[in-house]
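Here chain A shows up in two complexes: once beside chain B, once beside chain C.
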Partner chain A sequence: QAWLNEKFAPELLESKPEIIECVVEQLDHMEANLKRAKKGDLKVSVHRMEIERIRYVLSSYLRCRLVKIEKFFPHVLEKEKSRAEGEPSILSPEEFAFAKEYMANTETYLKNVALKHMPPNLQKVSLLKSVPKPNLDSFVFLRVLERQENILVEPETDEQREYAIDLEEGSQHLIRYRTVAPLVASGAVQLI
Partner chain B sequence: RGSSSFRSEAKSGRTDLIFLIRFRHCYLLRNQRCILAYLYDRLLRIRALRWEYGSVLPNTIQFHMSTEEVEWFNRYKKSLATYMRSVGGEEGLDLTQDIKPPKSLYIEVRCLRDYGEFEIDDGTTILLKKNSQHFLPRWKCEQLIRQGVLEHILS
Partner chain C sequence: LFQGDLGPFNPGLPVEVPVWLAINLKQRQKCRLIPPEWMDVGKLEEIRDQERKEDTFTPMPSPHYMELTKLLLNYASDNIPKADEIRTLVKDTWDTRVAKLRLSADSFVRQQEAHAKLDNLTLMEINTTGTFLTQALDHMYKLRTNLQPAQSSQSQDF
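Then we have the complex of A and B:
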């Protein structure tokens, strides 16, 4: 579920370290079992395939997150820095370290190659303003897992007015991400 | 320098130059944006190289990179390696593997050039000579396929 949500959401979603840890442990466990099993046992192939599939999903999930971190790096770091105490983190500590290193690396590079040769009033550039933000208005497909009532849909054009819709369990919709972002986070809907 | 002389002229009350100053500033800002966009785009391509080719870049590509770009690449790959090591158990998880979902356990591969000996899980070694064909476990081959040593045969 986390994998699909992350894949289809335009922004970086909450970090889920417990899930990752659980999956990794499972993989290690299965690998250890395989090593002890007899060669040529049919079960070995099936388990092997299972391991491959799980590893693929895990890798794909983490890769997807890294791509988003790199793409939106100043915004991701800013969001994490301005996070309130009780709010869940969108970055794992390792991802946070990676994001900071990526930012420092890129800033240093741009400064040394271009900015320091420019006239003095142009030597600083705000990466927060220059790097594009995630487009929260992009449309996403979703399936409703828990019934929701009175979701406020904001108007897209000046002629429309905002209206409220109810989301029935099991129904599927195509809707702007911004409207359902909190529902994705809470698990009430599943992106597909 | 040009810009400071313009500014001192403006201070002395030459208002007709203000438009020129503003125009010049816009033009400088645009140049700055273009330069940064170009450099940043190159960085993004270099980053893609790490995911495509692995940690060691072919010489022909390195030849086209500036010293600072090579430095950026080295720092990036170090940062990535640290992150990958921190995930997943003992040795970490190599995220550059398993790019496509697995369809089958073993795959048919042809060797494109002489590689030498290659060990697989149960201890047996295989000699990879040019044009030899093998039926090997997929997870062992992925790296070699990307490096161009093996070729996946799709029947």
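Then we have the complex of A and C:
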């Protein structure tokens, strides 16, 4: 579920360290089992196939997050800094370190390659302003897991009025991400 | 296994397994695949005619009917009676549905709707047209909101 949501969401979603840890632990556990029990080729190969499949999902998930971090790095760091105390983090500690390093490296690189050679009053670049923000208005497909009432669909032009829709459980929709972002975070809908 | 237990595997007795495992075992010639009950000429003809009659999308026998058909017909066609007819029937149904999808996507963009309900569409269909459709809609949205300068849409300046 987390994997699909992350894949189709235009912004970086909450980091889910518990799920990741749990999956990694189980993978290690299974590998250890397999190493010991070398009997019955069929069972071993079936288990091995399953491990590969799960590993694929896990690494695809992590890769997707890293791509988003690299794409939107100043905004991601800004969001993390301005996060209130009780709110869940969108970055795991390793991802946070990665993002900070990436930012520092990019700044150093830009400075050494170009900015150093420009006239003094142009030597600053605001990364926050120049790196494009995640497009929260992009359209996404979703499936409803928990019934929702009265979701407000905002108009795109001034001629249209806003209207409310109900989301039935099990139905599928195409809508702008911004409207359903909180539902994705709470798990009420699943992006597909 | 992670997601539940399988088996017991006794020779000659049918057992339910995930598709990836079934295909793998079949490739190693360790098993015979049994087609799902909807994969039958009569049933599929009914489905195809139903789809042609209705304007909206009819429910499909399985949310993954396309993928299953392709996989089973590729790897296990010897286990499936009248494989070629089945292939044609499923393809007809698929073509009808995709044509409907194209029409409705066209009207969606034309009328600048903000929301669409798409029950009874399978994932394969959604993902076939999905990327193109979402990108097109994104571009249209950006173009439209740029027409209205008084909006709160943020533009980026240096």
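The rule is simple: the second predicted complex is superposed on the first by the 190 of 192 C-alpha atoms of A that agree within 3 Å, B and C clash if a C-alpha of one lies under 4 Å from a C-alpha of the other, contacts with A are read in each partner's own complex, and residues count from 1 in each chain.
The rule is short, and it goes like this: contacts are C-beta pairs under 8 Å (C-beta built on N, C-alpha and C of every residue); 3 or more make two chains touch, one makes a residue touch a chain.
No experiment lies behind these values; they were computed from the predicted model shown.
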| item | value |
| --- | --- |
| Which of chain B and chain C A:26 touches, first, second, both or neither | second |
| Touching partner for A:49 - first (chain B), second (chain C), both, neither | both |
| Chain B versus chain C as contact partner of A:130, first or second or both or neither | both |
| Touching partner for A:173 - first (chain B), second (chain C), both, neither | second |
| Which of chain B and chain C A:116 touches, first, second, both or neither | neither |
| Contacts of A:81 with chain B and chain C, given as first, second, both or neither | neither |
| Touched partner set for A:106, first chain B, second chain C, both or neither | first |
| Chain B versus chain C as contact partner of A:62, first or second or both or neither | first |
| Residues of chain A that lie at the interface with chain B and also at the interface with chain C | 49, 53, 130 |
| Footprint of chain A on chain B - complex, ascending | 1, 3, 28-29, 32-33, 35-36, 39-40, 43, 47, 66, 68-69, 71-72, 75-76, 79-80, 82-83, 86-90, 93, 95, 97-102, 105, 122, 138-139 |
| Residue ranges of chain A in contact with chain C within the complex | 26, 30, 42, 46-47, 49-50, 53-54, 126, 129-130, 132-133, 135, 137-141, 153-158, 160, 165, 170-176, 179, 192 |
| Residue ranges of chain C in contact with chain A within the complex | 1-2, 6, 20-21, 24, 30, 108, 112, 114-119, 121, 123, 126, 130, 133-134, 137-138, 141-142, 144-145, 148, 154, 156-158 |
| Residue ranges of chain A touching chain B (in the complex, touch as defined) | 20, 24-25, 27-28, 39, 45, 48-49, 52-53, 55-56, 58-60, 62-63, 66, 70, 94-95, 97-98, 101-102, 105-106, 109-110, 112-114, 118-119, 121-122, 125, 130 |
